[in-house]
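Before anything else, here is the set of structures, which you'll find just below.
Shared chain: subunit A. Partners: subunit B in the first complex, subunit C in the second.
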Partner chain A sequence: MKAFAVRVLTQLAVAAATLLFAALLLLAIGVSPGDAATAFWNGTFGSPTNAGTTLTQAVPLFLVALGWIVADKAGRMHVGFPGQVVIGGCAAAAVGLQCDGVPRVLAIVACALAGIAGGALWAGIVAWLWASRGVLEIISSLLLNLVALQVLAWLVRGPLQGSLDQQPQSANFPASTLWPAVESVPGRTLSYDVILLPLLAAALIWLFARTVFGFELRAAGGNLDAARWNGINPVRMGVSAIVISGGLAGLAGAALLFAGSAPWLSEGFEAGIGFNGIAVALLARNSPIGAIVTAIVFASLNVGGTSLQALLDVPSSLTSVLQGAVIVLVLVAAMLLRRRRAARRPAAPVTTTPSTEKELVA
Partner chain B sequence: MGVFDIAFLVSALTIAAPILMAATGELISQRAGVMNVGLEGVLLAGAFAGYLTMTRVENQALGFLGGIAGGLLLAALMGLLAIEVKVDQIVAGIAIGVLGLGLTTFLDQHFVPEPQTFKPLPRIEIPLLSDIPVAGPLLFDQDLFIWATLAVVGLAALVMYRTTWGINLAATGETPVAADAAGVSVRGLRWSAVLVSGALAGAAGAYISIGDVGVFREDMTGGRGYLAIAAVLFGAWRLRGLLAAVAIFAVTDAVQLRLQSMPAVPGEIWTAAAIAVLAGLIVMRRGLVVGGAVLIALVALAVVHPVVSLPASLWLAMPYVLALVALAAGGASRHRAPSALTLPYVRSEA
Partner chain C sequence: MRTRLALISFATAIPVLLAGCGGGSDEAAGAADDSTTIGFLAPAPRNDGGFTQYALAGVQAAVDADPKLKLTSIVDNAAESQEQIEGLQSLAANNDVVVADGAVLNKAVAVVAPKYPDTHFVLIASDLEALAPNVSSVTVAVGLNAMVAGAVASNASKSKKIGMIAGPEVPSSTAWYYGMAQGAKIENPATSVAQAYTNDYNDVGKAKQAAEAMIANGADQILSDLDSGSEGIYQAADAKAGTGVYNVFALHCDENPNIIGSGVVNWSDVLKASVTEAAAGTLKAGAISFGLKSGALSFQFCPGKGTDEQKALAEKITKEISDGTVVPEKGVLLPQPSYAFEQR
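Let's look at the complex of A and B:
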């Protein structure tokens, strides 16, 4: 219980430090933090319409965060989420554009599955390169992100180009593929996919705590020798983890397209979700429940950043600065906590997690 | 003569220089055991800081110094996280990457709302030598940065393999405990390696913005930082391998730039690719089945010479795809990674 309190306090301290940093940045460019706070609140939760937008935008971030959590628990730190979101989105869009006249339930399921498959496939390349060619997953995933962006640029100019004025974007998705939204919210900004937040968080907790597969994933990310002695194949678990995380990111791509405000495929649709999702997971310290909260916080940063730009002419990239700052602060806070704990128990040595990479090779 | 003329070689050299400069810095840092995955962010910081300096004083020397300062700043943050706070280096690198992109975009929008363009670095024509055919325009009619890159690489080779500092650096990356026991300051060496890498990446970034095109755009480094890291990995943490990798990436990039403007792929590309694959097979002496099949396919393409064209964006992806293929082909070289790479050094006082 005390540990939980300390954790919550740390998160609050990180949030406070980030807010302070934001206020300083705003002062530096000559915007009153008070005005900014009002504009921010109105833009994010001030009206049901805006609150709906914020919650809906939290879903893709949350999905990517879950992807990071799954991969990280298995000890695989890949950063291919932007690419997997893009390819998942492309696959979903390709299917969705063909779904005109298909019954709605079927069309929605088909698009979601296509998104998952696309993301998992793209992550599969990372997994294969790591497992059979020994390529560090972090670098292959970074390179694949860049390739994915070019694939998207090609698709919206070539095979999937469909706008009438020759813009680099696809035609509008058929109405039957769009994910349903809550009717009572003005503007219908609240998509029903927000139920994925509690559902998937619960599913993931159950997976890790109650299933053999979840246990083996965690074991592969922990002590490798212990895992092997238990007959667990760490390479296979690593590959599964990477592919699952890619599937989650691909679903995020589909959610961005079919539950977003712009029902067509365009070049910038990923909008930094891939990297921000990592920050969401880090801020939640890899807790699926915590990720719900932090995903909403990050979504409100995005939505609020837009309204700050519209009302007070604050550059919208303020959001990405804050997101970077959050990661740094979380890292430092986590490390300070660990040190304090280590100082209190001088008998226990400070354990650093060795990179599992080398042990796998050895 | 089609694709491979002197202008092509010059453009390959211009593309290679900043990647090589940044990759050399990353190599030094990784040999000390610190992997900065956020190199892209450091490059951007250098690019923006150099550009910002130019908009204020309009002096290229000061601009480059500004770029170096910008790179040092982010590298110092990386050092702080990796060496002092001892957080996971990969996650710290992600933070540096996100922060570099965010900060440069934010500051650019605020401080330089109207983009400004400057003259790129002047080319220095060396009399007589620049009149030599092929080698003249290639080597003796270049801007100062190309020369600086060559000097840095030469110096790095000397320092890394011929000085006590360089040996200590390798020891720090291999077995920091032994290095520490021998009286080498692991912390000091890692800090200096990280800062050197930051300065080099800052200079490389400044070249990308004010040295080469003379302007700064959001995210303008376009993955060069990732290519530099890939070059270090593919080069198996040796300077020679790194040079080969950067050469491959730069030539591919130059080829794709050239081919974008061509209606169809000229036959000499297939020939050149076939020669490259053959050379790769001879050097590696592995993967003969796959490599041989690719080789036969390329030779067939060179002979048949079909009219093929690829959309521009797929050409743009070529260097990254090639980097991936190179990493996959050189898989076994990972055994030569510094043993303590990404491991924070915790000195046990017991």
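Let's look at the complex of A and C:
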């Protein structure tokens, strides 16, 4: 109970420190923190339209965060989410543009599945390189992000280009492919895909806690030797985790295009979701429930940042600075908590050397 | 597990309730007095030294000229579609006129404009994706300026190889290439024109690489359809004596000694006129193109640059385009839209 209280107090201290930092930054550029708070609230949750936008933007962040959590549980650390979001979005867009006249349910499912398949296939390259060639997934995934961006640049100027003005954008997606939104929210900004927030969080918790696959995934990411002795193939679990995480990122790409208010493919549609999603997971300390909250916080920082700029002329880069500050402060808090725990724990006995990457892949 | 499910429900329910039952109104209060408020959104930085900066100066000039106009909000660096839509919505909810300054904003304007019928949207440098009664798209026929620049560059070139470097490959940029090609052909049919696109108006490194490649292939006159990325072309020109550089939109003679002149587009005047008319309610919906007759375009030499022959050539081509003796070829002018169109 005391440990829980310490954790809560630490999180509150982080929030307070972030707010103080933001207030000082705003004062430094001559903006009243009170006015900024009002503008921020109005821009994020002050009206149903803006709240809908904030929540809808939280979904892709949350999906990427779940992807990170899955990979992390299996002990795999890849940073290919931007590329997987991009390729998932491209695949979904390619399918969506062909779905004019297709019944709505079929079109939506086809686009979502295309997104998942695109992201999973892109992540599959990372998994294959790691499992068969021993290439570090963090390196290959990082480089594949660059390839994905070039693929997107080619698609929006070539096969998928469809803007009236020859801009690097696709044509608008057919109405039948757009994900349904809550009609009562003005502007239809609240997409029904927010249902994914609780559903997927619950599904992931259930997967890890109640299934053999989840147990094997955690075992592979925990202790390789123990996993092997229990008949678990860590390579197979690592590959599965990377591919699943890619599928989630691909779905995030589809959500960005088909649930957002910009129903067309354009360069930059990924909008930093891939890396921000990792931050969302880290801030939630890899908890699916926590990721719901942190995804909404990050989405509100994005949406509120535009509002601050429009109403108070606060530079858009300030939002990025605040996001960075949140990450740094949370990491500092986590480090302090770890030190506190380590200081209280008795010295651990000497253990055997853990398995190396080479041993694992071999 | 039950505790976790309860936490999930709680974490999701609070924000969804806020969305469903948000206390605020979507209709933000406009100006309390009888002034006309203006919002400005651009995908580039407001101080980019080029397109955005001149456009904003034009809006400011309109505001300075009429005390009833107020520039209340500026959103810049809105590079991504979702961000552009959010920015336009924020501006439209609080202003009478919204200037969307950039070719990539056409789809975003098409999404937002119908939701705010009482706000007049002025889309700059792009055709409308869909015509709405509260949107005017304002463009300039830059290809006409490019014809003059191409003729001058051809005349100045010893190798008879000239080039054009732009950001994204969009009609407003390719018009510079096609215009240069036609102008160069008028001056000397043997002159060849190369084109390169860096996909970024502000990337100095890419611009330098593209310019170095052109110079290595023999080009000795290069036109930069870039903003701060022009610095890369200057650096490449510095390394190869005799390379002339041409700018667009404005004269940048102080930035580098190799600059010969510029295909000046007076965006400030275009924006000033457009915003003034939009505020007065006289700017028509549809497409409006500013050409040579409007005075929005002109080719200008830097002080001490250009021979008498080149200056006479520039004057002759300008006159021939204005009086219709020289007819722009395919690609020089932006495609004329099917909806309401006005050539000024």
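A few notes on this one:
Assume the second predicted complex is superposed on the first by the 341 of 362 C-alpha atoms of A that agree within 3 Å, B and C clash if a C-alpha of one lies under 4 Å from a C-alpha of the other, contacts with A are read in each partner's own complex, and residues count from 1 in each chain.
The rule we apply is simple: contacts are C-beta pairs under 8 Å (C-beta built on N, C-alpha and C of every residue); 3 or more make two chains touch, one makes a residue touch a chain.
Small disclaimer: the values here were computed from a predicted structure and weren't measured.
In the superposed pair of complexes, A:Leu55 makes contact with subunit C only, with no contact to subunit B. Looking at the shared chain after the overlay, A:Gln150 reaches subunit B, while subunit C stays out of its contact range. Once the two complexes are overlaid on the shared chain, A:Met77 sits against subunit B while remaining clear of subunit C. In the superposition on chain A, A:Phe275 makes contact with subunit B only, not with subunit C.
Looking at the shared chain after the overlay, A:Ser317 reaches both subunit B and subunit C.
In the superposed model, A:Ser184 makes contact with subunit C only, not with subunit B.
In the superposed model, A:Ile29 makes contact with subunit B only, not with subunit C.
Overlap of the subunit B and subunit C interfaces on subunit A comprises residues 153, 157, 317.
The residues of subunit B lying in touch with subunit A in their complex are 37, 77, 81, 85-88, 90-92, 94-95, 97-103, 105-106, 109-110, 218, 222-223, 226-227, 229-230, 233, 311, 313-314, 316-317, 320-321, 323-324, 327-328, 331-332, 334-335, 337, 339, 341-344, 346, 348. Interface residues of subunit A, counted against subunit C in their complex, comprise 42-43, 45-55, 57-58, 153, 157, 163-169, 172, 182, 184-187, 190, 194, 197-198, 201-202, 205-206, 209-210, 256, 260-262, 264, 266, 268-269, 271, 288-289, 292-293, 296, 302-303, 306-307, 309-311, 313, 316-317. Residue ranges of subunit A in contact with subunit B, taken from their complex: 25, 29, 77, 79, 129, 133-136, 138-140, 142-144, 146-147, 150-151, 153-154, 157-158, 275, 278-279, 282, 315, 317-325, 327-328, 331-332, 334-336, 349-350, 352-355, 357-358, 361. For subunit C in complex with subunit A, the residues that touch the partner chain are 1, 4-5, 7-9, 11-12, 15-16, 18-26, 28, 39, 73-87, 89-91, 94, 103-104, 106-108, 111, 115, 126-129, 168-171, 199.
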